[in-house]
Each structure stands twice: as C-alpha cells, then as structure tokens.
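Residue numbering begins at 1 within each chain, and the chains themselves are lettered A, B and C in the order written.
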Amino acid sequence: MLRRNFLKTFAAAALSLAAAAGSAWAAYPERPITIIVPWAAGGGTDATARIIGSLLEKELGQPVNVVNRTGGSGVVGHEAIAAAAPDGYTLGLATVEIGMLHWQGLTERGYKDYTPIALMNLDPAGVQVRADAPYKTVKDLVEDIKKNPGKFKASGTGQGGIWHLGIAGMLDSLNIDPSTVRWVPSQGAAPGLQDLVAGGVEIVPSSLPEARSLIDAGRVKSLAIMNPERNPAFPNVPTLEEETGSKWAIGAWRGIVGPKGMPEDVTKRLTEALDKIYKSKEYNDFMSQRGFGVKFAAGDEFLQFWRKSDEDLGAVMKKVGLAK
Amino acid sequence: MRVNDAVIGILLLAFAIVTFAYARTLPAIPGQEYGAAVFPMLIAVGLGGCGVLLVASGLRHWQGAVVWSDWARTHHSWTKLAVVVGLVMTYILTASTIGFVPVSILVLLIFLMMMRVRWWIAAAAAIATTMLIQQTFGGLLRVPLPLGLLGP
Amino acid sequence: MSAITTAFGLVFQPSVLVTILLAAIFGLVVGAIPGLTATMAIALLVPVTFFMDPVPAVGAMVTCSAMAIFAGDIPGTLLRIPGTPASAAYTDEAYTMTRNGEGEIALGANLLFSVIGGLFGTVVLILSAPALAEVALQFSSFEYFWLALLGLTCAVFIGTASPVKGFVSLFIGLFVSTIGLNNPAGVPRFTFGNTELTGGVNFIAAMIGLFAVSEVFRFVISRSVQATPQAVVGNLFRGWGRMIVQYWRQQVRGNVLGTIIGALPGAGADIAAWVSYAVSKKLSRTPEKFGKGHVEGIVESTSANNAALAGAWVPALVFGIPGDSITAVVIGVLYLKNMNPGPTIFLENPQYIYAVFIIFILANLVMLPLGWAAIKGARTILRIPREILMPCILMFCIVGAFAINNSAFGVAVMLVFGVLGFLMEENDIPVAPCILGIVLGPMLEENFVTSMIKSDGSFLAFFERPIAAGLGVATLLVWFVPVLLAALRSRQAAIPREG
C-alpha cells in the first residue's frame, strides 16, 4: 500500500515536471488547489472555506486543500494569499478585515493586491443584549445610552474589529459620540457573548448566527440587525432603519480571492464553479443550518462591493479614532 | 557549559532594560487605561528583578564567568552542534524552493553520517523516514509540504 | 426510556461502530505526532463529516479527540516530545521514568488513568451538565484573571531547586507571549515590521523546540552514546491494581479538577493538566520525588486532561459555548446536523444526546485495547539505536513545527527555542514554566485589561463578584501562606532557608 502510493507520488511528480515544460494552462486545474484561510480551524470562516473547498473539489475534479494561516488579526493569512503565485493554485478566503487592517497601519495590503473572484457570504451586525435586559427595542437602548454616557460596555471582537466598528458607526449615525460606549476587546464573538451572559458587558454587536445558540437558549435577545433587510432565519429581528431611521449597515463578508494578476481563463473557470456552488443545495443547506447569510457577487461586482466596504470602514475608523 | 549566575543575571538585566525602553514607545489606546505597554513593562521589571537576584547569588559562588563541562572542552561537540543548527536552517531556507523530499533526505543523510551511521543504513533510514513523513503528513493529514523542484 | 433505547439503536450499527474505530485510529496517529494537536485532528475530520449522519459524525469527533489527547502521552513519555500541549505538564516526569527503565509503568498509568478520567468526565456530563454549565457561564474576565494567576502559581510549585530560575523561565515565557498583534490593544509588539511575527510565537512550535530539539542537541554532544533507555519489556498492566489503590485520591482529584476546568469556556485540557500536576506535587506526601520519575503526578494530570475533554462538552451542549477549541469545531458540526446545541436539545432530541453519551463511554473503552496496541507498537521505537532515531526525530519535529501554521516560520521558532531550551537546561533553568508563561500570558493580560475597562479602573472589582472573590482569596492564600509559614518556621529553627 505504502509502496504503491510512494511509486504513485513519484510518477505524479515526474508527470507534473513534464507537464510544466509543456503548455501551462492547457486544462486548469491540473493539480491540487490550496485555499488559505486567515483564521483558525473551527471558526465560521474555516467552516465556510471547508464546505466551499469540498464542493469545489467535486466541481473541478482536483483535490482542494484548506490550509489555515492564522495570527495577527488575519494579517498573516491575507499576506500569504497576496504573496502567492497568481497561477490559480493558491486561493484564499478573504474576510472583511482586509479592508480594515490597512487603515490601522497593520498591513499594506488592500483590495488592489488581490484578484476578486466571488463573494460568498455576508453576515450583518446585530445588537444583542441579555434576555432579561429592560429594553424592548433598540430605541430604548439608544435612549438609555444617551442618558447614561459611560455606563455601557460592549464586546464581541478585538479592539478595532468589525463589531467594534459596527456599534461605533451605529452610534455615530445616531449623533451619539461613539466613545460613550466603551469597547471591551475579546477573542471573538463566543467569549464576548459569554461575558454578556455573565454580566461583564451590556451589548454584543456580533452577527446573529454567532449569537444564535444563546438566543435559542433564552439567554440573549437581538434588538436589531444593521442591514437594509431582515435576515430570513431571524424574521422577528427588525432592521436598524425600521427602528431608528438610521441607514447604517455593516457586516462581515467572506469571499474567494486570489493573488493579483491571475490569468483570465482561470478566474473565469473558478467564477463558473463558484457560481454553481453558490446555487447548489449543499451550500445553501450548509449556510442556512449554520445561520450564515449568503450573498454572491463575482468579478467586478465583487470588487465594487469590496471597495465600498473598504471606504465605509475607513470613514468610520477615522471618526472613531482607530485609523492611523 | 555552565555560565555563572551573575553573567546570566547581567544579560537578563540588560534584556529587561531594552524591553522596558521599547515598551514605553508603544502607543496608548483610547478607552484603555492599561494599554499595550503595561504588561511588557511589568514583565521587564520581573525579569530585571530575577537578574539582580542572580547577580547577587552568582557573585557569592564565583568560579569564573563560565565553567566548562566535559563536552564543551572538545571542538568536536561544538562542530556537531553547529552542524545540527545549520541543518535546520538549511531546511528553513531551501525547502520551499527545492522541496521537502530532497531537502529532508539530504538533512537526514548528513546528520546520520555525522553520527557515524554506516552510509547504506543512513541512506535507507533517510529515504524511509522521508517517505513515511510524506505519506502521513502530506497524504493522510494534507499538510502542504513544499513540492519545490518536484512541483510544477 | 424509549429515547435511550433509540439511542442504543443509533449507536450500535455496524457503520457507526466502524466509523468510530477508524476515527479512533486516526486520532491515535495524529495525537502521537508532535505538532499536530487534537484540534487539528478534528478540523481535518470536518469535511468528512459533511457526508455522514449525525450520530457517526459526532461519534467520530468524540472518539478522535479522546484518542488524540491520550496518544500525546506516548511520544512525550518515550522521546520527550509531547504530542499535544495537554501532555506537556508531565512530559519531563514521564521521560525520566523511561530513562529509569520504567517507561512501561508510565505509559500504563497514562492509559489507565486517561480512560478513568474520560469516563468520570462523561458521568459528570451525563448527570449534571445543565447545572455545571450554569456555573461555568458565570465566569467573566474577573474570574478568569484569578484563574490565570493561580495557573501561573503552578510554575513555582512545579519548580526546581532554585525558585529564582523558575521565575526566570516563567518571565521568558510571559515575554514571548506578548510578541505579536494578539493583545487587547491590538497593537503590534516586538514585531519589528515582520508579518509572521504579528501572528506571535506559536507555543506548540516553542514547545517542540524547548523539549524535543534541545534533547536532540544534548544527544549530539553526549560523547559516549548512552545506553538506550530500555523499557523493561513486560506486562503493561503491571502495577495497575497497585496504582489504583495507592493513588485513588490523586486520581479522583485529577478527575474533578479536570472536569471543572474543562467546563470553563476559557480553559481546556492543557491548563487542567498543569494545574493538576502542581496540585499533586503540592499535596503529595513525597513532593521531593517529583521530577525524578515519580508516577504520582502523572496519574493526577493524565486523569485531568482526559476528564477535561468531556467537561468541555458541558457548556457546548447546554449553551453552544465552546469549552475548548475542540468543542468549537464540534458545535459547528452539531448545527450542520440539525442537533442545535442549547437547553432545548435535551427536550427535543434526547435520543441524540443519549447517543453522544454512549459514544463517549465507548470511546473511552475502545481506548484500552487500541492504546495498548499503540504503546506496544511505539515501544519498538526504543529499540532503534539512538544515533538513527535522533536525526529522524529532528525531521519529525521540523515537519510538525511546519504543520502548525503551514509555514517555515514555525520551524524557525522551533530552532530558536531549541537553542534557548538547550542553554537554559545547561544552566539549570527549567523549561516547563516557560511553556506555562506562553500559554497563560495572553489569558492573564486580556482578562486584566478587560476587567479594568469594565470596572472603570477600580481594582476592588476583582473582589466584588462572589466567585471572583473566592478565587482571589484562594490565590492570595496560596501565595502568602507558604511565605508566612516559612518565615515562622525559620524563626523557630533560627536557620535561614533560601527561597
């Protein structure tokens, strides 16, 4: 068994060596593809990458390896994607943070350094409070924040993370000084939510799927979602605009990208495959079971979305004093 | 190779001072009274304190800056240590371009030969170990071991 | 009752049992390889479970993780390479036993008490999951701060001849933990513009360096190739009866502590093992034997790390809050399989819950024969001449360090810590506290900083909540009582004692 595989490895290596000499793009893909995930194994991004990976494997007929490159709030992984060879064999699942890190001076990389292939997911921010909190609507909460500046603390991600910007931008759009709600950095939504239940903080502006189990357990309630439309999985949670009139919208997105300068036929092949995956039953079942929001945009459309997200985030970060 | 405690203490103290000075340059964070600098500074104080204690105890038992143990008196040992460090560095620097399989075989072969293993046993062990790792890590566990020259 | 019958029906199907068996073997392999953690084993299983029914999917994960945590003990005991971080606490002790020719007893203890610990954790999970989860959920940053501080205290108890040198090692570890971007302020520290360093120093790579690579260095310079520490080939089960009788207290203590620490969402099997080892030494009648190849501490901490595994499921099942990084992955799979965690799962899908419980018990029972086989197999490694074995180990270390983040940076970290560990041990500075510092440093800092934000800078807040106050008082007692006692004693004896 071992010996056969060993021979196979060598044969494959010899073959690919020979193939490299010939035409490179005869039939993409002709060898395994790697998807780099900038976040740890076990998180939502990792799970999304793994389902996309296993479906892409079926679609393209080549093994797709999901590889975690974690650390530094996503800096390390995003850098690895941008620095890879743009041959279509190293892709990545970029996340919203790539539009934030450069404003903080933590990386030079921005949307210009990548080939956007397909946006696969968008999870808008929500406004979660303890289930026994005295607020029925997000309006009540905002009134109380106005009356008691400094009383409220919020958590759910690191300093300057996406949900930090979510609540800061929301307050700013309602003409409240964002610094009236202090941010308690945490390692992610789960510890933040646990702290909410334990009484450490009052607000967790994470996405709804992240809060789902505690909402189901009757420990946490969601007052609003920072998105133009309601989430079909949580039809009872109103949008921020319905409740307060604020048009503020923000969310964490994930999309398949490659390094800058990928050949067009490769991106085309990938876009087709990802479009098919996006429409597949497996993908939609997976996303709805996890409660993840779905949103698709390919190529230029993705780039437009990315650029707008980048600029919006930059504007808020400057206002809140998080940008350099 | 036993370095006198006082020498270690001075090194730690110097390191602590540098750390402390660097930590002072870290920016303050709006909304956090205890910012990024606090912890490294506390650690520097702790390290520095240990340094001072070591200097004190080291001076009491001063037997010269370094007491050489048996192995450290032979050039042989130092060469061997340097070779091992060099082999790992070779792996770090060349594996991504040349590839895991050839570099691994090479590193193992040199190390084994240095340990005076007969060449044919060394070659067999190097190849067998490399293939075992390639199969378990690369195959079963899907660790992307660099293909290097064997790749496209 | 019918739900339990259904559950048995769900589990005892050939396809499910085969899945569990395969997952067990997979877990053994991954756990035994340094650099590959139980969490990685589980993450690798995720794509496979997409295509499985709920019960085999969860069964595979439960079995795989239990096996991986146990298997981490094998290379730790035989070669001083902890396979998973959860084994690091007692790696030195177990390796010393191997060198004394008692590797057999150490591995036997690892196997036996891993099984018992796992079963104990399971029983707690079955009987008191909702109540225990309720307590675990009350832990906020104030409580975790004290917990981290108590954990650091372990470094002193594990400690060596010179407490100062133990502290040096601890502070080095704490310093290393501050490197990178992953701090509450989100400021890059000690990175000097290097992208890889923003990710910080991975403590698994550091651990491989400090323990295994430094051992390779020491081997290289040992002039006469020392006699291979030959485990006495004999009965693995030798001494099981005696150990259970003699160390039943340690074992129960390890089980209880492991389950509780495991159930806390901010702490997992690795911290459980450290704390248990320290407690064991502290409360032992023969603390002087620790570190010289004494099985007592191994019994307690190996019970604890496997008990912690089941404990971690408590908050995961009841509230969907992961008790450790393994359950974080598992929760995702539960959602996929429509087994949404939460109090309702106990009412709506009790057959699934019972099935999970049954699998937990099965997983721990199947560990006995499989673990026995793995130990038998691994033992042949010791028969390989060390001049061949050590170079191969170095290569495994390199690949293990690479696999952590799939980057050569991990190998560089490993090398730096290998050299550091070698120099430290040449000068009697122990390496274990350094690991503890790297693990607990971020926990301590984050919980301190966030607590201060929440309390608007008031230190009193650390004593205002009941659990926090209890932990705080306990920590202060642990710190100051020995100092006071020592002071009293030295006054009585009028003989000044160091430390």
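Things to note:
FYI, a residue touches a chain if its C-beta (ideal position, glycine included) is under 8 Å from a C-beta of that chain, and two chains touch if they have at least 3 such contacts.
Here the structure is a predicted model, which is why all the values come from computation and not from measurement.
Central chain (C-alpha centroid nearest the global protein C-alpha centroid): C. With centres computed as the average of Cα coordinates, no chain lies farther from chain A than B.
Looking at A-B and B-C, the interface holding more C-beta pairs in contact is that of B-C.
Averaging Cα coordinates per chain places chain A and chain C 31 Å apart. Chain A and chain B, compared by their mean Cα positions, are separated by 36 Å.
Rounded to a whole number, the gap between the C-alpha centres of chain B and chain C is 23 angstrom.
Of all residues in chain B, those that touch two or more other chains are 29, 31-32, 142, 144. Residues of chain C found to touch two or more other chains are 40, 184-186, 406, 449, 453.
Residues of chain A in contact with at least two other chains: 67, 159, 182-183.
Residues of chain C that touch chain B in their complex: 29-30, 33, 36, 40, 44, 164-165, 167-168, 171-172, 174-175, 178, 183-187, 189-190, 213, 216-217, 220-223, 385, 387-388, 390-392, 394-396, 398-399, 402-403, 406, 408, 411-412, 414-415, 418-419, 426-427, 441, 445, 448-449, 452-453, 457.
Taken together, the chain B residues at the contact with chain C in this complex read 1-3, 8, 12, 19, 22-23, 26-27, 29, 31-36, 38-40, 43-44, 46-47, 50, 53-54, 57, 69-71, 74, 77, 80-81, 84-85, 87-89, 91-92, 95-96, 100, 104, 107-108, 111-112, 115-117, 121-122, 125, 129-130, 133, 136-137, 140-145.
If you check the complex, the residues on chain A that touch chain C are 40-44, 46-47, 50-51, 53-54, 66-73, 75-76, 79-80, 104, 106-107, 150, 153, 155, 158-161, 182-187, 190-191, 193-195, 197-201, 212-214, 216-219, 282, 286, 289-291. Across the interface of their complex, chain A is touched by residues 39-40, 42-43, 46-47, 50, 137-142, 180-182, 184-186, 188, 195-196, 198-200, 202, 265-266, 318-322, 325-326, 328-329, 331-332, 335-336, 338, 340-344, 405-407, 446, 449-450, 453-454, 456, 465 of chain C. Those residues of chain A lying in contact with chain B across their complex are 2, 5-6, 9, 13, 16-17, 19-20, 24, 31, 34, 65, 67, 89, 159, 179, 182-183, 321.
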